[in-house]
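Okay, so here's the structure we're looking at.
Here the chain labels run A, B, C and D in written order, and each chain numbers its own residues starting at 1.
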Amino acid sequence: MTTVTVWNEYRQEREQEEVAEVYPDGIHVAVADALDGYGFDTRTATLDEPEHGLTEEVLDGTDVLLWWGHEAHDEVTDEVVDRVQERVLEGMGFVVLHSAHFSKPFRRLMGTSGSLEWRETGERERVWTIEPGHPIAAGVDGPIELPRSEMYGEPFDVPRPEATVFTSWFEGGEVFRSGCCWTRGNGRVFYFRPGHETYPIYHDGTIQRVLANACEWVAGTADAPAPEARNVEPREPLED
Amino acid sequence: MTTVTVWNEYRQEREQEEVAEVYPDGIHVAVADALDGYGFDTRTATLDEPEHGLTEEVLDGTDVLLWWGHEAHDEVTDEVVDRVQERVLEGMGFVVLHSAHFSKPFRRLMGTSGSLEWRETGERERVWTIEPGHPIAAGVDGPIELPRSEMYGEPFDVPRPEATVFTSWFEGGEVFRSGCCWTRGNGRVFYFRPGHETYPIYHDGTIQRVLANACEWVAGTADAPAPEARNVEPREPLED
Amino acid sequence: MTTVTVWNEYRQEREQEEVAEVYPDGIHVAVADALDGYGFDTRTATLDEPEHGLTEEVLDGTDVLLWWGHEAHDEVTDEVVDRVQERVLEGMGFVVLHSAHFSKPFRRLMGTSGSLEWRETGERERVWTIEPGHPIAAGVDGPIELPRSEMYGEPFDVPRPEATVFTSWFEGGEVFRSGCCWTRGNGRVFYFRPGHETYPIYHDGTIQRVLANACEWVAGTADAPAPEARNVEPREPLED
Amino acid sequence: MTTVTVWNEYRQEREQEEVAEVYPDGIHVAVADALDGYGFDTRTATLDEPEHGLTEEVLDGTDVLLWWGHEAHDEVTDEVVDRVQERVLEGMGFVVLHSAHFSKPFRRLMGTSGSLEWRETGERERVWTIEPGHPIAAGVDGPIELPRSEMYGEPFDVPRPEATVFTSWFEGGEVFRSGCCWTRGNGRVFYFRPGHETYPIYHDGTIQRVLANACEWVAGTADAPAPEARNVEPREPLED
């Protein structure tokens, strides 16, 4: 059974009424509940727990880590960022949600700034499938219509994705690569744009389906030793 | 005219006689001299200079940075690593030499460990061209034969290269992706495996030709504003 | 000097008044004139010439081939398609325009159907730059606004592009990867969506700039022998 | 249950004694038996059957097609090649074995010549894993040692692989990308170099494991409609 840890900053839900109305128990609980329904073994972790809830033990027992962050990226310690990076290189899957494009572990794994253009006016977003055969698009029938969304626009400063599963159209005139895949070491990373702290996007059934697909896809790697420097003997005889 | 800065740790040449014999003025000077001959406007910088010789002013005036490091990766300050990363995202080319697979700026830009297998026995290496039409392979006629080389073996912990221009065969039985290309922000990165501090590989004419090609290729991007987060107005009217 | 051959079906301009009004001498002449202005050595070829104007001699002297086709894809002979494919593998650049997503040489080089969704209502298109540092985007300052355009929508059945330089937004609600790069053999292929036979898109200065950039980029490969099967002798002694 | 069809030219086994000794029932049966043991629902088809054994009905019921061809590539009809291509674009997986680098359906899907260098001296091959986390490498512990093999050398004229899972080292001095992945339409393609008609490579347990992994991986796409051109209505109101 695939174990999934949903990480959340979990500040705005406790401090802002309009956020608490949409996600009374936090975005992490809403996402974890949805993934539970897809048969994953889910748990949660948040910024204000000791070690942000991401101890070595927790990460060692995690197959897939989802990450929501928004206003407190800088409060995540480098030690925990190191740990997340190391676990991804070992093979843990990593699903990066919406505003976590600016999170430390995502920028660490990408090597880029994660910057983009944005606008928060509650405009219409339509998420088009670019690769209908990709496992993350399974069951997504036609474009996903999000009546109220925050706009993210290109250029999105990330390395060229290995696959771009989704691209969004925005009412105000922009486009954005909304579902992007990368491999890092033995692990897989998926960035998924849709989501917000006051628009109820994580309550949408199709969005939940995509998150479940993403968890399955990032978990689908082979068990292999972590990358490691090694001095080795020759396998063939060497000339003197 | 393309300005090239060759960066070198420049420790082993001053401390180890067998290194000084091959590169009496340092690897940086040997490489810079070779690139001079190809018409680049070259300069050098080294670890023990103030700010490692890589002040904001130097980097702002650099189109292509080459990087040699071996034993003192950790002495490079994070401030300089930040600066190099930022300049690459803005569009500076970055050519990473041999043992700099473990350098801080390379690992920062890749998001991976850079680890690999290795062996130092002076064995034969044959560098095969995988993409003969790639500009970095221009003028390379047949495999490059290096009679004495340090072995690097797979798996090499880097993101999937956008192009793998060269792959090496080693006498002792291994293979390695020896010439790898990536884009980061507006900038290009090329990793080139051949090279060593006591084998005279940077004195080889074909190797110098590849380095010159690489400088030209990484410099060949469009001038564009650095990636930057921006809050923007809609370009289309929004429904209420 | 880079030699460019602009190929055109050249039927609609001779048969439909509304096409002739926009491109009185044919789309090929409009595009060739624009590229002339950028310093290319241009010529044209059309479907109804012997061998479609693409004799061995013409193609051997061509560094970059641009291709416009729309209603007569099937009239292109397989012999000429073979010849174009072979020249691309040898290193000729290939720029595929708008409705030529369904042309035989493009489908041959891609291995896919080239299918897409479309709508012809003269709606607004906005072409966003995804990779501002890519040479094909040089001088493109902000999104390209096309007031009247034919819509092309995803999924676009092509192999994953090696680089997606542009993505279009359409007024009617769709997105499309409008500028896509691939390598085939020693050659480079660029597909560029904007263009039409009655909207004056190829008269637009920025569109012309992109076409010139594209010609330069696809021509920028190394001279190398064409891929060819060869039985070879061992380079190392073999055990009995 | 995943249905796998193993296609074989099946000529050399019937005509050459030294081939029949290694594969008395044909390479297709040896491969199908191995895949049976991994739980696939296997069948076979051969060149000399009507429609080469690949009727519409057979292909419609096939999730994964494996292809062995060697000396009679040209006898495969274009009609069957069209059918295989179409099914791959619809989502059928395609595993291409050894000398089938020159087969018509592989060249059709790649758009390149499939050429390479070769030598048949029964030399040693060592297949290195480049991506240990890739599902196709699952259970492959260390390099695969093949004591007697036909050499294939670079450059291999295929599009840049989306993933290069394996790369081979040869005793005689060459390297080769031995396990390559591509996506075409909704389908996945995997080329696997090891194999031969007289060396007993398909009887090797690790090789069989890789083939089983490959079948699982190419079958792992989402069910989605085949790519198809469609004229569509706007989803947003258009200005007059």
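A few comments on the model shown:
One rule holds for everything that comes next: a residue touches a chain if its C-beta (ideal position, glycine included) is under 8 Å from a C-beta of that chain, and two chains touch if they have at least 3 such contacts.
All values derive from a computational prediction rather than experimental measurement.
Listed by label, the chains touching chain A and chain B alike are C, D. Residue-numbered contact pairs of A-B overlap by over half with those of C-D, the repeat interface among C-D, A-C or A-D.
One finds 36 Å separating the Cα centroids of chain B and chain D. Between the Cα centres of chain C and chain D there is a gap of 31 Å. Residue positions of chain B touching 2 or more other chains, listed in rising order: 126, 131-132, 153, 155, 160, 162-163, 171, 173-174, 183, 185, 235-236.
On the side of chain A, the complex with chain C involves touching residues 126, 128-132, 153-156, 160, 162-164, 167-170, 173-175, 177. By the touch criterion stated above, chain B contacts chain C in their complex at residues 91, 126, 131-139, 143, 162-163, 171, 183, 185-188, 220-225, 235-236. Residues 85, 89, 102, 108-113, 115-119, 121, 123-124, 151, 153, 155, 157, 159-160, 162, 171-174, 182-185, 227-236, 238-239 of chain B touch chain A in their complex.
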